[in-house]
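Sharing a structure, written as structure tokens. Questions coming.
The chains carry the letters A, B, C, D, E, F and G, assigned in the order they are written, with residues numbered from 1 in each.
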Amino acid sequence: METLITVLVGLLVTVAVYLLLSRNLIRVILGSAVLSHAAHLLLMTMGSGLKKGSAPLLGENAASYVDALPQALILTAIVISFAVTAFLLVLAYRTYKKTGTDDLYALRGFDDE
Amino acid sequence: MSVNVMGEFIGALLILLGGIASVISVFGLIRLPDVYTRSHAATKSSTLAVLLTLSGTFLYFLFREQFVSVRVLLGIVFVFLTAPVAGHLLVRAAYRSKVKLADISTEDALHEVLYTNETENDGSSDKS
Amino acid sequence: MPAQLLLNLFIAFLWMTLMDEDELKFTTFFAGFLVGIGIIFFMHRFFGTQFYLRRLVKTIKLLFIFISELTQSSIVVLGQILSPKLKIKPGIFKYETVLKSDVEVTMLSLLLTLTPGSVVMEVSPEGDTLYIHAMDVEESKAGLIKQLKNFEKAIMEVTR
Amino acid sequence: MKINDVILKTVTRIVVFIILTFGVELFLSGHNNPGGGFIGGLVLSSAFVLLYLVNDIETVRKGIPFDFKKIAAIGVFLAVGSGVGSVLFGENFLTQAFGHFDLPIFGVTELSTVVLFEAGVALTVVGVVVTIILTISEDV
Amino acid sequence: MIETMLMVSLVLFSITISIAIIRIILGPSMPDRVLALDMIGVNLIATIAVVSIILKTKAFLEVILILGILSFIGTIAFSKAIERGVIVERKRDG
Amino acid sequence: MTITLSIFIPFLAAIFIPLIYQRIKSRHIGWFVIIVPIALFVFLASYIPSIANGSTYIHTIRWVESVGIHFTTYLDGLSLIFGLLITGVGSLVILYSIYYLSERESLGRFYVYLLLFMGAMLGVVLSDNLMVLYVFWELTSISSFLLIAFWYHRKKSRYGAQKSMLITVSGGIAMLAGFIMLQSMTGSFSVREIVATIGQYTDEPLFIFAMLLVLLGAFTKSAQFPFHIWLPDAMEAPTPVSAYLHSATMVKAGIYLVARFTPIFGGETVWLYAVSGVGVFTLLLGSLNAVKQTDLKALLAYSTISQLGLVMSLFGLGSVALQQGYSTDSVIYTQATFAALFHLVNHSTFKGALFMVIGIVDHELGTRDIRRLGGLMAFMPVTFTIALIGSFSMAGLPPFNGFLSKEMFFEALLNARNLEVFTTNSIGTLVLVAAWIASVFTFVYSMIIVFQTFFGEFHQERVEKPINEASKGMLIAPSILATLVIVIFFFPNVVGNYLLRPAMIAIYPTFAGAERLTPHIKAWHGFNPALWMTIGVVVLGTILYRFMRYWRGIYTIAPLKWNLDTAFNAGLTWLENGSHFLTRLYMKGYLKDYLVYIFVFFIIAVGGSILFTGSYSFDFSDDSSIAINEFLIVLAMAGAGLAMIFVKSRMTAIILNGVLGYSIALLFVVFRAPDLALTQTIVETVTTALFLLCFYFLPEWKKERSGKKTKIFNGIIAISAGIVVTVLGLAVQGNKMFESISVYFEDSYRLAGGKNIVNTILGDFRAFDTMLEVVVLFIAGIGVFTLIKLKSKKEEQDIEDQ
Amino acid sequence: MMNNIIVMPMIIPLMTGIILIFLRTRVNSQRILSILSSIATIAVSLVILNRIQHEGILRLDFGGWLPPYGILFVADSFSMLLVVTTSIVTGILLIYAFSSIGKQHENMFFYPFIFFLVAGVNGSFLTGDLFNMFVCFEVMLLSSYVLITMGGRRIQLVESIKYVTINVLSSWFFLIGIAYLYGTVGTLNMAHLSVRVAEVGQGPLLTVISLMFLIVFSLKAGLLLYFWLPGSYSAPPTVVAALFGALLTKVGIYAMFRIFTLIFYHETAITHTAIGIMAILTMIGGSIGALAYNDIRKIVSYNVVIAVGFILAGLAMSSEVAFQGAIYYLIHDMIVKALLFLIAGTMIYLTGKAKIEEMSGLIRNYPMLGWLFFITMLSLTGIPPLSGFISKVFLGQGAIETGSYLLLAVAFMSGIFVLYSLLRIFLNCFWGETIISEDDDVPLKKGMLVPCVLLAIMTVAIGIGVEGLVPYVSDAARTLMNPDIYIEAVLQGNR
């Protein structure tokens, strides 16, 4: 399972990187969203094993529990990446309204002296 | 076979039925000609599938752990309430965004009301 | 009606004290409540009012109508999907309902939409006309309208 | 023909209350079951989002006349402040206290300062999500 | 026996989800995709229900309701986006 | 203590001058300023007797004690000479400037700079600590910079200032590196301590580097080839400044440094080659260039370069004595150093006088162009006399002090010719010839100054102002210097015994007892080779001067035509253009390019090191099982992910992203993470809603217009990045080295009263993370609000949008 | 152990930021509170710094959970020196903001974002937990995202898209780096990480993982991967640019030092060599960039890049003296870069132009500003006795001690490029013909000048009074050189 997920992570990274290298702003943002999916999955596989134990709830009296720490970390990471994605999205929206384009080739900024 | 095992079995059976219903409905999703007919398959059959499964789950927990899962009950109610609304909204959106009916369609009572008087037509432009 | 409810609660408490258990249990209370319902149903004519859980009964009745319709039409639609050759003639038709309030119209729409083969597409701004998409207009229009009437009646029993 | 959202609106009226109740339940049960301030907050805010989706902003604002930025700020204030609070009690920053109390009606109940912290989290989430959605929607 | 039935239904749900994804990719119209997404959401509910039976835990029952809520909200949002473009209106004109 | 104070007095004065200047506008502020150098001169002069008796004075103020940087002042013979020069010439220059600069100029600024310089220069020569020395060293560069650009509205002034600053500060930085190396070797920043212990370290590999770096500092400051190019442009400064900084004192800081470091580095042959080689070359080049100048000040600048080269080469030759080690025979070589010190003093007198004279000409006539001048002798007799004295001294003619030091220079060269290092390949002769030729040209340009300016016909129409002799005040200072030129010729041994001898002892501590360390200076010592050389100079020089128009053409021939200035300017332009070109090459402003850089770096660094270190040992034995449905989900995710790349509608892409998100939630369920599954589902939905919200305003995707090549390139990067992440992930899974700390948290109910471990971690064990995460969310929320609501109104004033 | 005080440098700004949200429209109250809060932060930081000298490294276990299980703050001289400098610089920059940022911004939560930024920065300096550092980074980054876009001018939006995207990417690298590290050694506490890495020896795999962190912090610090920096630092309002120029890269630099001295210090042949090469390339790239443009903001931004290379050259050398040099330079650079950005911004404010060829003779109308620039230029060049000098000496000693001559050469040469690039500004803009007539003279507000003067005083004071800093800096360098001191303090009897 770990291997499968890690390969999936690699695949998601590939997709995300490809999207990030696009010239369309929305693709870039989508890329960053996929990227964070990949990171969260990767973090999951880095615990002490997938599916080895039950859900980390003491009420259910299981013999062993899965690694809870990565879960906590991912939770934090999800929230942060949500915050960032939200901001980035609004930034894209504002930029489009201001400049009339979402083509990153047209959005060079300072270096186009 | 005790009552509990019996209950569990019924639960599992319901779930299996749900699975089958689900596959059939997704079959419809592929097979049917337009979004309107597909929506029949999707919203109804899959709703059925979920209701079956959730009922099965409810029974399973009830008989196995004597646990009355309010959440599952609430889930059933919720799906009951919302699935048709979702279907209705989607079909309406499809029609208003001018997704064509399949050629085999025979009757369109809505066309005259919506599109004969274009001035009344608000917000049906395809923005997506 | 509140009187019936209070009475029912009283019966439940009574039941609980009669049971005389070590601790307070919800199940005991619930059992008492059920007993109360039974007692009150038999005695409600003494109050001169209708049984306060009448709507519940009617609702259950509506539910049964719905489930039977659901099963019937599900079979029809599943058959249509699975039949080797699609022989459906979909279409949109208009239905003017006798129902008035938002809740009633909504209930009707939900039930109709939940049963396979039909989806409510639009409700007219006045709220009295439904535009319905049917999987097979030619074959099942009559059946659908019968179903609608069925639902309308059952709904009115609950709401009015 | 004008769009008539009667079905949607009617169902929403019921659904919103289910969601809200569920959200509060999640928030409270978080310490022992899945849930907690964050998830609870998200569910609560999804109820608000639903309201905004189904009705328009002006209508919702009439019913819920809060400044959601302030709500978020209050939330953060609570979350950070609960940490500062423990400093005032001479404990390490962010020390949470918990204990089991025998309360008259609820029986043996666990009370924890985490609740305060989680409430802050929940309020922030609600405030922020709604603020974001409102801000974008209002900017046409 | 029960175990097998559950596993089979799990596979069935997974197939449904996979096919729905194909529908999303193929379209052709946007409502088609949203329809498929909605279907995925609903089937996820079923899947999670089955998974929690298999895992013998009640931990995921919350997820069921949440998924129901969210797939509903999502579908509303999408249909409004398709129908009107704007999904939250400032003031409804009607 | 008082010596330390003498460094600070000019700085203190510099602070007070602006205050006084604001009050007293009626009087020339210079009269207040001049008190400072005169007082300091008198004060330093009072040390002459005791220093001559062999005393030295040292005083330390602690500064950065822990690093060994102390504010230590050290007064010995060498620093005394320089101290006297600085204050003495300083007094005269200020006196001169009082008449030279009108009160309309920003005198406050001028004198502040000048005092700053004076303090800095005193600091350079009086500091024992290398770091403190460096402090003052750079301060002289800065004050020079400010003085050169005193008239900063002139383009040429700014250019000159920039050039001098760049060159001297660069040299200074090199020197700093050298100093640090010295300290690293010897463990001390104190020159005296280093001198005392250097013998142990001469074999260190750094020793030579340190030497070269220090020399770089000295050469840049003293305008040695090829760094001399800043000096002619520094002539844009007001003439008093040129006289003071760029001829008498600051440019001699490099000389001072060489002298100071002779006991440290002098034992090395490299030192000899470098110092005397560069010196002679500079001497020759300077004199050759001086001849072709038409601007008198430029002529003097090149002459200064040349004379500095002369002094420099002498110091180099003098170091031979150290290489030979102390013996009665080797003492002879110290004569070169003696000559150097002597010429140093002499040069300050005659060159100072000459600068002032040229300043007078410029001041009175408004031009310094030789081609426009002539016949001034009749109108400006005093000026002429001073010019004559100065020039003839520079040319090495008696009865002026220049004659004495020039003769000693030739003698030193003749002595050096017998050296072992030189005899082998006749370099000695070459040096001798070069020096002699340089002297010939020195003679020529000295004559040019005198004859082309003061003889011939005067044409009023060629100059800017009506001709008049300069005011008496302006003549006082050059007159004093001219007098000194003659006085020193007649009483050279006063200078020799009281000033030069202690300095010699400072430079050759090991030779302190040697009788012949300070020779008796005689004007007449018979017809020795040196005298013959001088006669030769005069004869050939006269001939060349007379027939100049016939040979001037040689300046158009290649090596003489070559101009380092053009090279310098071209270098700077090339640097700027090249920088622009290079930077623009990779700073394109496209986000994509920047991302490509990052990924390429990632692939090379991480991927490369995985390959390089072989960290790709996998171990799949610990993997948990995969159920069919799980496999299907993963497959579906892969499909949805890949499809995102190809879909044509952004809405579809969003839906696919949602599918990914929900599927991950499902995976979280499979992985027993209920809280995650919950959060992921909601967050995914809200994110999707946000996407939809914004989409209303955004345009539909256009087809990517990038070509096939770009797509393939992007694809390769994307795939490589994916592979690296996966491989590293697998490697880590196969190499778990420790038990995770998270077992501890399974005790959460007892520890923190919660049964949901994840929630307990979030709310208790790692509550701080959660608190900050909430803050992050909050910032994003308020930030979105700000981003949308705050719109700048003054859009048209957007400068970057021009 | 009650060390609650060491969370204060983060919590005071955080709470201030939150409270300021409620004071949205009351600008004066905002200002007063801001200043009071800054003073409090400075005071608290100074107290902590001095306590460390007597009591050794201080730590605070949040919630009382012992490391490595809980999160903790660790205050050592290195981190506290940076915290102190940050607090002081921010306080001074706030004064500049009062007179320059404008009511529009002030009503839009400008000050809260500044305080959140500072909270993030100080948190990053103080945290002893790797994942918490990630979170602190995000607090800082999110604030910086907002600040860079505030005002919404075209250029801000365009540049911030790049800035945000690149930072999102670097955060991602950070996250997966943490994932890998956690997967290998199973802990997050930095001291504990150090212990565990040392226990198994930093094998190839751990070295590869350490390179992940190299990428992350290089991106944040602008080490080699600095291409995002010039644009982003040129776009926002002056105060913000100054804040960025002074603080943001420093956090990356700090993290780089922390990680590569505390955890990954075993394989210097790979990691530190890489850092050295990158530092050299950074200095070269920065130097070239500083000469490449005529836009003041760009020149100034590339100067930031040069400094990054310079400081990390100290890390590459990896000796106590070199660390001292780097720390001095860090402190110096925070102050003087802030000053430089302020002056550059003020120049643009006064003239409405940004290119050097479009300005001239400013010194006549604004002599004070001109001389401040002059001091800044000298200080950055490393001219004594200003603050940049001493670090140059230490770094030079470190280079010689470790035989890093190429680093030494490039580092010292970069000083010349700094000088030249700034000299171009000085000569072209301050000197030359005065082109602004007395009538067009935009008055230079006192509120803008005072902060500049304060910063200039600091660079002089630090330069001359450097002995006062010596104990702190040498303690900081000693701790960096001997990770055991840090580990001992964090895991006292708890290994």
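One rule holds for everything that comes next: a contact is a pair of C-beta atoms (placed from the backbone, for glycine too) under 8 Å apart; a residue touches a chain by one contact, two chains touch by 3 or more.
In this text the structure is predicted, and so the values were computed from the model without any measurement.
Student: Central chain, going by Cα centroids?
Tutor: Taking the mean of all protein C-alpha atoms as reference, the closest chain is G.
Student: Give the label of the chain whose average Cα location is farthest from that of subunit D.
Tutor: F
Student: Any idea how many Å lie between the Cα centroids of subunit B and subunit G?
Tutor: 57
Student: Between subunit B and subunit C, what's the gap in Å when you average each chain's C-alpha atoms?
Tutor: 18
Student: So what's the Cα centroid distance for subunit B and subunit E, whole Å?
Tutor: The computed centroid separation for subunit B versus subunit E comes out at 10 Å.
Student: If you average the Cα atoms of subunit A and of subunit G to get two centres, how far apart are those centres in Å?
Tutor: So the centre of subunit A lies 28 Å away from the centre of subunit G.
Student: Could you check subunit A for residues that touch two or more other chains and list them?
Tutor: 20, 25, 28, 38, 42, 45-48, 54-55, 57-59, 69-70, 75-76, 79-80, 83-84, 86-87, 90-94, 104, 107-111
Student: I need the residues of subunit B touching at least two other chains; which ones are they?
Tutor: Only 25, 27, 39, 43, 47, 74, 78, 81-83, 85, 88-89, 91-92, 96, 113-114, 122-123, 127-128 qualify.
Student: What residues in subunit G touch two or more of the other chains?
Tutor: Within subunit G, the residues that touch at least two other chains are 14, 21, 62-63, 131, 135, 138, 142, 145-146, 149, 152, 154-155, 161-162, 165, 169, 176, 180, 182-183, 186, 188, 230-231, 234-235, 293.
Student: Which residues of subunit B touch subunit C in the complex?
Tutor: 21, 24-25, 27-28, 31-34, 36-37, 39-41, 43-45, 47-48, 80-81, 83-85, 87-88, 91-92, 95, 101-102, 104-111, 113-114
Student: Please name which positions on subunit A make contact with subunit G in the complex.
Tutor: Listed in rising order, the residues of subunit A that touch subunit G are 20, 25, 28, 32, 35-36, 38-39, 42-43, 45-48, 69-70, 73, 76-77, 80, 83-84, 87-88, 91-92, 94-95, 98-99, 104, 107-111, 113.
Student: Enumerate the contact residues on subunit E facing subunit D in the complex.
Tutor: On the subunit E side, the touching residues are 59-60, 62-63, 65-66, 69-70, 72-73, 76-77, 80, 83, 86-92, 94.
Student: Note which residues of subunit F are touching subunit G in the complex, please.
Tutor: 62-67, 69, 131, 134-135, 138-139, 142, 149, 152-153, 155, 158, 161-162, 165-166, 169-170, 173-174, 176-177, 180-181, 183-184, 206, 575-576, 578-584, 586-587, 589, 591, 593-595, 597-598, 601-602, 605-606, 609-610, 613-615, 725, 728-729, 731-733, 735-742, 744-745, 764-769, 772-773, 775-776, 779-780, 782-783, 785-787, 789-793, 795, 797-801
Student: Spell out the residues on subunit C that touch subunit B in their complex, using ranges where they run on.
Tutor: Residues of subunit C touching subunit B: 70, 74, 77-78, 81-82, 86, 88-94, 109-111, 113-122, 124, 131, 133, 135, 137-138.
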